[in-house]
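Each structure below is given as structure tokens.
Each of the two complexes below includes chain A, the first together with chain B, the second together with chain C.
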Partner chain A sequence: MVYPYLTGLVAGAFILASLVKVFNVEEVRPTYRLSLLTALAFLLIAPLPLQLHLGHPLRSYEIFLTPNPTSAMAMFGFVYLWYLMGVLVLELWFEYRRDLIVWSREERFPMSLVHRALSLFSTDTSDAAVAFDRKAIQVITVIGIPSAFLLHGYVGFIFGSVKANPWWGSVLMPIVFLMSAIVSGIALVMFLYMVLTPLRGEPIDMRCLDKLASYLFYAVIVDFSLEALDFIHRLYQSEESIHILGTLIASKLFMSLLVIQIFLGMLLPVGIMIAVRLFSVTAELRKLFYFTAIILIQLGIFATRWNVVIGGQLFSKSFRGLTTYKMEVVGIEGLITALVLLALPFGVLLVLLKVFPPWRRAAA
Partner chain B sequence: MDKREFLKSLVVFIPAGGVIASLAKQAGAKAPEPAYQAKNHYYGMGIEIDKCIGCNRCVEACKLENDVPQEPFFFRTWVERYTIKKDKSVVVQTVGLRKGKAREIVEQEDVLRSFFVPKLCNHCANPPCVQVCPVDATWSTEDGAVLVDKNRCIGCRYCIQACPYGARYLHPKTKTADKCTFCYHRVVRGLLPACVEVCPTQARIFGDLKSQASRLVRFERLNKIHVLKPDLNTQPKVYYAGLDGEVR
Partner chain C sequence: MKVPEQIKRLAVVLFVILAAVLLTRYLIPASVVDPRVYRASSAQREVSKEIKFAGATTCSDCHDDINTKKKVGFHKGLSCETCHGPSVKHAEDPSSGKPFAPRERKFCPQCHEYNPSRPTGFPQIIPTIHNPLKPCITCHNPHDPVPPQVPRECSACHAQIERTKALSRHALLECTTCHSTPTRHKQLPRSVKPTKPESREFCAKCHDTGASRKDAPKVDAATHGSRFLCWECHYPHMPGEA
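Now for the complex of A and B:
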């Protein structure tokens, strides 16, 4: 359950980063590098919950060595690898290459070596080389957007293609996953930007923040519409499973779906953002409103994943009754592990921010 | 070892290897044809609802035969009691589950009809579990069984989610997916699955769909047959006679 949440954040953060490079949205440039690093930090930790869930974690490499071509899960391993190695790491390298070289020349021992190694010992900082870097980033981003869509859309497909489960089996699932990924990714980068910038004693760029907020607003609207469509479609078709799903929503998922996901995680933040647009609010107040909205949205998306993953396992396969989910506190799949897994990417991000400071541009 | 020495020993080694290989081949050729030919069989099971008395002996036999954990909730086969009340509401309970929350007791006068439904892996001809397994640890045999290789399964549980019949569980000891095998180890020796062997009313009929003389073919000829969740196109090979429309 932690896994789809984490990959969602990855895909969302990357798509946000792509806006700068592909669509030349200048306003969000301050978050470009931060988004890429966020995506990498979360992507590195994302497989960990999956690994812990396996009965035989030491056999997991078999997914790559002897994959079953008809298995959505097996093929996903390659989508993940492609995205990590072919897109994210490559783009980061080209983006930072010149800076790494310049930094390593200025620095003293441990860091100079780290940066030199990370630049793969390249030394060319000529204009032609930098121009090539830019060109490469452009190409990677163009390939990266569909890859990011594929990454999280595919997570949706893994659930959506399970015909045995009426709560999961829906063609809309990949798109719903993707949109909610974009929502959560933008909200996360906004959160990090709003926390990290004041910590470094720098002013928050309100143009950037407003732009991010407007993207977030549209993404939430699209996400909400898709989920509403899915819901209405099920209700209107009123198939056999509607009884058990109705009972599920009215009882076990009441709190997490209706209250947290829909009311607190969608309607309330959308209301806040509409209010911000309607009434001209001061910058300080806007920050406060945005911050509240992104926290709520993050909570809402987490609840969305919960409702899909746990919700899908709360009724019997004969559709004749609900089962219970008892969360462990300790243990390999318990609450504490989940909290650690959710905190780990931030730790990784901290390290990445130290090694690749996104705000430090090397002098020309 | 220098180059010369190495080449010398190679001269001896290669012919020696050839001799050993040919000997091994001859030894292999002497092995008799295996008596059991998978391609000549295609298995399925028939279940006559009206004959099941819910004694649960099939479940007990299965657990003993296949090392299924004794605790409830781990089953390769189980029996459900369906009670359809006069208000048309349906109560489903697994026979033999005594622990847990108080089970709903339906008063005699509220019962419209009641019956037992033995369930197990349907050994589907189009199995979703096989489709989704990321490492090919579960597969369809030529003779129509769906099996799991516990030395290969990584315990991801995707097959458990993909099975529309809830026929799979994660074995707490092996940490791999486990399910009914039609007692494959018995069947290839010409024996019946344990559940079929012990059924006192012969509610379960096991047979070979490729053999006209099989009891299963006779069962299919004499009964109106239904399978579970046919709309999912899994093409189950567990056939029910007298199945109620309320059963899922």
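Now for the complex of A and C:
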């Protein structure tokens, strides 16, 4: 369950980053590098939950080298590898290359070597080279957007293609996953931006924040509409599973689906953001409102993943009744492990922020 | 056209990665990645584990009487140790102690508590209303778990009473404990009726404070609701709730 949540954050953060480059949205430029690093930090941790489930860490690299064209699960290795190496790392390298060279010249021993190595000992900072970097980033981003869609659409695809499970098997699943990924990714980058910027003692760029919030607003609306569409479609189809799904929603998933996901995670934040738009609110108050909204949205998306993954296993496959999920606390797939996995990307991000400070731009 | 510096450097990285992949593919001897190498120790590990179960056939060597009964009953598919727990010690040395025997009420509902995903026809109960507080083995012999039956001659007409009584605390009482039925009741059920207890002393045989039966609830028959017969307040086929 942690895994779809993490990959969702990756795809969302990357799609936000690509807005700057492909669609030239100048307002959100302050979060461009931050969102790329966020995507990388979460992407590095994303396969860990799978690893813990499968065991055999010494053979894990086989996932990336062993093709199996008929298995959707096995495609993960390729989708992941392509996205990590072909898109994200390459884009980061081109984006930071010139800065890395300049920094390494100014710095003292350990960091200068780290930065020089990370720039692959590149030395060319001429205008032509920098222009080539920009061009490359543009191309990579254009390839990157469908790749990000692929990465998270793929997770939805795996659930959506389980025909035997009526709670999962839906063509809309990849799209719903994708939209909720975008929602959670934008909310995460907003959260990080709102926490990190004051920590460095700098003012928050309200233009940027307002723009992010408006993207978030539209994404939540689309996400909500898609999920509502899926729900109405199921109701109208009224397949034989509808009774058990109705019981499921009314009993076991009442709290996590109706209360947390829909009310706290969607309706309330949308209400907050509509209120912010209707009444001219001061910047300080706006920050507070946005912050509340993004925490709620993050909670809601987590509940979404819970409802899909756990919910799909809570009813008997013959539709006779509901089963029970008992969460382990310790154990390799227990609560503590899940919490550690959720905290790890922030640790990785901390290191990445030290090595690639997104706010430090080398002088020309 | 001049190839940009970046492309050259990335090409080197790509080359290194490719070379590493090919090296791991072709230079590492197949015997090292052979699954048998991984699994050789796991088979040994399993074998060296302590044996705890005696196995279904071992028990019948000594307990043939029980096995004869069990193998025709509804529990014929269960092995003895399903309920009695791992018993290899007892099998090797019967004097070392008896295997576990579940006598508590909470044990049987692990399989027989109502759960909609259990197969149709599988005997299921709701423990809070099925003979509350009594251990299952009071009425059911686990080696031949058929519940006490009301005689067909009574239940053919009085099926509702049969079903009510089967879940009540009086489940183990036979119909004839309280009713005596003339033979002609079967020919003329409306004009020749069975008897009903007509004195308070009848119930008091079990329920009076001085009565010898231990598991029945006790009242002082001399003072408790003195103007009425017992069954005017207590329904004998489903007496009292837990």
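Just so it is clear, the second predicted complex is superposed on the first by the 351 of 364 C-alpha atoms of A that agree within 3 Å, B and C clash if a C-alpha of one lies under 4 Å from a C-alpha of the other, contacts with A are read in each partner's own complex, and residues count from 1 in each chain.
Heads up, the rule we're going with is that a residue touches a chain if its C-beta (ideal position, glycine included) is under 8 Å from a C-beta of that chain, and two chains touch if they have at least 3 such contacts.
This one's a predicted model, so the numbers in the text were calculated from it and none came from an experiment.
Touched residues of chain A, counted separately for chain B and chain C, are more numerous for B.
When both complexes are overlaid on chain A, the residue A:V162 reaches chain B alone and has no touch with chain C.
By the touch criterion defined above, A:S316 lies against chain B and chain C together after alignment on the C-alpha atoms of chain A.
Look at A:V87: by the touch rule set out above, it reaches neither chain B nor chain C. Once chain A of one complex is fitted onto chain A of the other, the partner contacts of A:L188 are absent, as it touches neither chain B nor chain C.
Using the contact criterion defined above for the overlaid structures, shared-chain residue A:A74 touches chain B, although it does not reach chain C. Touch criterion met: A:G55 reaches chain B, while chain C stays clear of it.
Residues 316, 318, 320-321 of chain A lie at the contact with chain B in one complex and at the contact with chain C in the other.
Only residues 61, 65, 85, 90, 93-94, 97, 120-124, 128-129, 132-133, 136, 316, 318, 320-323 of chain A touch chain C when the two sit together in their complex. Contact residues of chain B toward chain A in the complex are 80, 90, 92, 128, 130-136, 152-158, 161-166, 170, 174-176, 232, 247-248.
By the touch criterion stated above, chain A contacts chain B in their complex at residues 50, 53-57, 59-60, 62-63, 66-68, 70-74, 77, 158, 162-165, 312-313, 316-321.
Put simply, chain C touches chain A in their complex at residues 4-6, 9-10, 12-13, 17, 21, 24-25, 115-117.
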